[in-house]
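The structures come next, written out as structure tokens.
Okay, so chain A shows up in both of these, paired with chain B first and chain C after.
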Partner chain A sequence: MLYRDAGQFKDTYAADQQIFPIRQDRIGITLVLLFAFLVVPVIGNQYWLSAILIPFLISALAALGLNILTGYAGQLSLGTAAFMAVGAFAAYNFVLRVPGMPILVSFVLAGIMAALVGIVFGLPSLRIKGFYLAVATLAAQFFVVWALTKFGWFSNFSSSGVISAQTVVILGYPFDTPVRKYLMVLTIVVLMALAAKNMVRSSIGRAWMAVRDMDVAAGVIGIRLMHTKLLAFAVSSFYCGVAGALYAYGYIGTVEPEAFNLDLSFRVLFMIIIGGVGSILGSFFGAAFITFLPILLNTYAEPFAQAIGLQLPAGMVSNLELIIFGALIIFFLIVEPLGLARMWQIAKEKMRLWPFPH
Partner chain B sequence: MSDGRNIGEVILNLEGISLAFGGVNALQDISFDVREHEVRAIIGPNGAGKSSMLNVINGVYHPQKGVITFHGQTRRNMDTHAAAAQGIGRTFQNIALFKGMSVLDNLMTGRNLKMKCNFLQQALYWGPARREELEHRRKIEEVIDFLEIEHIRKTPVGRLPYGLQKRVELGRALAAEPSMLLLDEPMAGMNVEEKQDMCRFILDVNDEFGTTIVLIEHDMGVVMDISDRVVVLDYGRKIADGTPDEVKSNQAVIDAYLGVAH
Partner chain C sequence: MNWQFFLEVLVGGLLAGVMYSLVALGFVLIYKASGVFNFAQGAMVFFAALTFVSLVERGFGFWVAFLITFGAMVVFGVATERVVLRPLVNQPPITLFMATIGLTFVLEGLSQLLWGSQPHGLELGIEDMPLEWLSQNAGINVSQFDLFAALVAGILVSGLALFFQKTRIGRALRAVADDHQAALAVGIPLQQIWAIVWTVAGFVALVSGLLWGARNGVQFSLTFTALKALPVLILGGFESVAGAIVGGLIIGASEKLAEIYIPEFLNAPLTEAMGVSVNLAGLEIWFPYALALAFLLIRPEGLFGEKHIDRV
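So, the complex of A and B:
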């Protein structure tokens, strides 16, 4: 009923190539953005903003970066957290060591540093594929964390190896409260998501998918495999690097290299697997699933247990959370291996007819 | 066939091509040429080295011996990018479409080499990148019209039946506006009707755009009908070369296909 595209005709190629060709989708995304930019800052309390929404947005950005590499270009990587670490520590050092460095420029430079590191660790992708490549990117994971711990210069010789992010000031305006940090992170994430969508619907995105789907045919068409794969590593790492910088400046404030361990890489990988491999929207779904689900379980597990008259020992609740979390992940993967993004698409197709049978 | 097409000069010349994989000699000292605008068929029993021959022409395989001259440029071996840039298009024996993408995106990928915007312009999708995208979309719609696949434009290729996938693959090669098309068994596994359609498309491409066609096919009726000259391979050697009629009456060819009592 509500989601019908009958009567919406495209009479130019430009109209046909929009990101959201269906009017209801355009209205929907506008409402979501208005809500995120205008309503959330007003109604959100400090806990929601700094403990839930900001980490959600940052994870979504990292998932987006990994999705470009793994979902679109088909190169499996386990080095996501390493590239985030490079971004966080690069931004810190640029602000620390270059006088008068604007913070946004330092984010961009941090992304570029991460991209350079990504290109170096992407070089094996020219010879190896799949799981073997994933193992090769593990080298990035361990090497970067080791280097950041080993060489004091990166953390400005702080004795604990922890860096404290400087206050974010953009054009003389300090971003120090949760609301302001939230708005900064949100703006950056939305702009970068738009850029990612634009890339994947242009020739570079098609080149990535071509390399993913059938690399011999891609080569025969004239796509340079080396150039395309390394560009995917660079762009992906850029996104992860900026996510890392935001992690330090918009979220935690004090960061140690160990925060960017293999666990985080796997978390981001789970996000794209659950959200949808090869989907921009899926990165957000996956990040939301992994961020919100534990909180939901945490909040409702105990009241629910009490409601049905069950006395749970204190330690069991947290274990139960993990069990339910794992079971849900398996459930979703069996029901829809292509992730939440695909489920969303199927739901939309059903909505076109609903509530009529034909 | 002697219709209005003028078959021109030799544009592709292969001389003494030998290709071996370890101890297996896939191709041994093969020479033949292809003239502009002609339909040139390569036939032979299974394992004769036909697909290897195409792979040598567009640089997927690098032969150990021999030289390739294409459009006046002589080289030891082709490289896939140079071959594509010089206008060699290709379809594969086992469909090699990009399964996760729509028909439209598959065809657009065929034009990738002609798109000049860098990834930063594309990330902004404003001005040049957008103009380029729309301009190429217009060209792709011509290919879609030509191949009569308007109705499946937005369908992911993985969902299409085999015959249509073959057609889309031809479309992807055509999207690059090649001067020479290498078709590896374009009609394998099709029914009579689909074969007729495919023949018509190949002849139309040859006729309307003047594209030179190099074709591998097992259906002898088709080969004899549409090709101008035929080269016959067997066990990596060339055993005959000439017009369909000459080849048909060649004793070596008959032996290769029917077998001889030893």
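So, the complex of A and C:
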């Protein structure tokens, strides 16, 4: 009843091509954005902002990057964390070594550095496919972390290899409290998500999807495979790189190369599986799920066990968490291989008719 | 250059490569029969080794513990087929791959939940000592244990080869590997075959778990053996048992040689050229991947992998 699009006529090309063609979607997204920008900073306490919402947004951005590569262009990658690491360390070095470098420009440059590294490690995708490529991207993962640890220049010769992100100052305004950091991260993530949403419905996005579905066929109809695949690697790595820079500047503050290990790559991969492969919104769903689930398990496993009279030994919670995590992934794949985003879509289809049967 | 030392490193690398091959073999078996890239192989190695060592520590004899662990792997294999694979029939390979990552988490959590997470030592009765005869006559130190591991791997591979070539089940396995639908059409029970193949892979995981566990101790890092086996896998080709062996030998030997000689020969010139001190030590983490990658650029399907022809 509420979600009817009957009577919404598109009588101009502009109206036909807008991002959210249904009025209720537009209202919904506006409300969500207003809530995120205006209400959350007021009601959110420090714990919620800096331990939950900021990591959620950063993960969502990284997931978005991986989703562009894996979900849209069909190139399976296990090296996401490496590109994030490149972004984080590049931003640090640009701010450190170039005097007067504006922080936002350094984020962009960090993204570009990550994109260049992404192109280099994307080159094998022109020759090899599928799982061979996935294993090849592991080379990126191990090499980048090794190089960042091994060569002191990247961490300004700090003895522990840890870098401390400089304070973020944009136009003389310091972003040092959780609320301000949250707003900075939120703004960047929203803008980049909108850009991604537009990109995947443009000719670039359609080329990516054609390559994903069958690259030989895509080549036959005149899509330049090399250009398209490398562009996917570049854009994806750009997103991951900016996510990495935000990880250092907006979230942790001090990072070591080891923080960007294979586990992180897998976490981001899970986000897109659970959220929905090939969906922008799905990246956010997945990031929310993967960020909130461990917190929920940690918070509620203990009281629940005590309520049913079990005493959980230390260490058991983390193992249970692993099991539940793995089981949920399998469960999601079996029930809905296309993820939460697909469920959301089905719900919307249902809502169009509800409460009437036809 | 010291040739004896070079030979020693080479042989040590080849024997280490055999250990990689063992893990890679588990991957190949499952990939051949079901087209699933089973990321959980490393977790299976860990689970098998941990179960075995915990049983031994609780007073079971070697063979009893071995049989019980094998039983557990059978249950695991059948359960995986029933719970994970059967509902996912006809899904794209990437979905199945991700399901096995989920399986990895379940198995890792389960084994530590059952047996605790402290590391264990494992004694197989073979000491990790240089073989005296060789070190006296040729001046080369080759570990007795590594030779034993190579022998076990050899027996296992020949056994599997016989099993694949000569038995009825083996023929059915090869048929399924060739074409699922054709195999179904001639009446081969696909699900049974998958359960068998996961069981065999579980057996391979058990053997490699024992050898790796005796070598490095039974601890969580055993799961990373899977990461060691991946370059072997792409170098040798996903579908080939022979490829797993040859790939393992190449990766093992070149990894050990690179670990010793690349920093030795390149550190000084690079330091001079770049003006800052360069230390390439620790490159064995990524070197096998880079090697396999370079190799793939020339032969995209690996050494012995099947050549796929894309048709539109």
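What we mean here is this: the second predicted complex is superposed on the first by the 353 of 358 C-alpha atoms of A that agree within 3 Å, B and C clash if a C-alpha of one lies under 4 Å from a C-alpha of the other, contacts with A are read in each partner's own complex, and residues count from 1 in each chain.
Quick note on the criterion: contacts are C-beta pairs under 8 Å (C-beta built on N, C-alpha and C of every residue); 3 or more make two chains touch, one makes a residue touch a chain.
Predicted model only: the values in this text are computed from it and were never measured.
Visitor: Quick check on the superposition: with chain A as the shared anchor, is it clash or fit for chain B versus chain C?
Guide: fit
Visitor: With both complexes superposed on chain A, which partner does A:143 reach: first (chain B), second (chain C), both or neither?
Guide: Once the two structures are laid over each other on A, A:143 reaches chain C alone.
Visitor: Who does A:130 touch here: chain B (first), chain C (second), both, or neither?
Guide: Touch status of A:130: second partner only.
Visitor: Should A:292 be classified as contacting the first partner (chain B), the second (chain C), both, or neither?
Guide: neither
Visitor: Let me test your reading of the model: by the given contact rule, A:273 touches which partner, first (chain B), second (chain C), both or neither?
Guide: It touches chain C, and chain B stays clear.
Visitor: For the superposed three-chain arrangement, provide the angle chain B-chain A-chain C between C-alpha centres, rounded in steps of 10 degrees.
Guide: Once the two structures are overlaid, it is 80 degrees.
Visitor: Mind telling me which of the two, chain B or chain C, contacts the most residues of chain A?
Guide: C
Visitor: For A:322 in the superposed arrangement: first (chain B), second (chain C), both or neither?
Guide: Second partner only.
Visitor: In the superposed arrangement, which partner chain does A:216 touch: chain B (first), chain C (second), both, or neither?
Guide: both
Visitor: Just chain B (first), just chain C (second), both, or neither: which does A:199 touch?
Guide: first
Visitor: Once the structures are superposed on A, label A:207 by its partner contacts, choosing first (chain B), second (chain C), both or neither.
Guide: A:207 contacts chain B only, not chain C.
Visitor: Between chain B and chain C, what minimal C-alpha to C-alpha distance in angstrom results from the superposition?
Guide: It is 6 Å, taken between the nearest C-alpha atoms.
Visitor: Considering each complex separately, which residues of chain A are in contact with chain B in the first and with chain C in the second?
Guide: Shared contact residues on chain A (touching chain B in one complex, chain C in the other): 214, 216-217, 220.
Visitor: Write out the stretch or stretches of chain B touching chain A in their complex.
Guide: Where chain B meets chain A, its residues are 58, 60, 80-81, 83-85, 90, 92, 96-101, 105, 108-113, 115, 117, 119, 122-125, 129-130, 133-134, 137-138, 141, 172, 176.
Visitor: Which of the residues in chain A end up touching chain C in this complex?
Guide: 76, 124, 127-132, 134-136, 138-139, 142-143, 146, 150-153, 214-217, 220, 262, 266, 269-270, 273, 315-316, 319-323, 325-330, 333-334, 337
Visitor: Would you tell me which residues of chain A are touching chain B in their complex?
Guide: Listed in rising order, the residues are 13-14, 17, 195-196, 198-199, 201-207, 209-210, 212-214, 216-224, 231, 235, 278.
Visitor: Where on chain C is chain A touching in the complex?
Guide: For this pair, the touching residues of chain C are 37, 83-84, 87-88, 91, 93-95, 97-99, 101-110, 112-113, 116-117, 227, 230-231, 233-234, 238, 276, 278-283, 285-286, 289-290, 292-293, 296-297, 300-302, 310-312.
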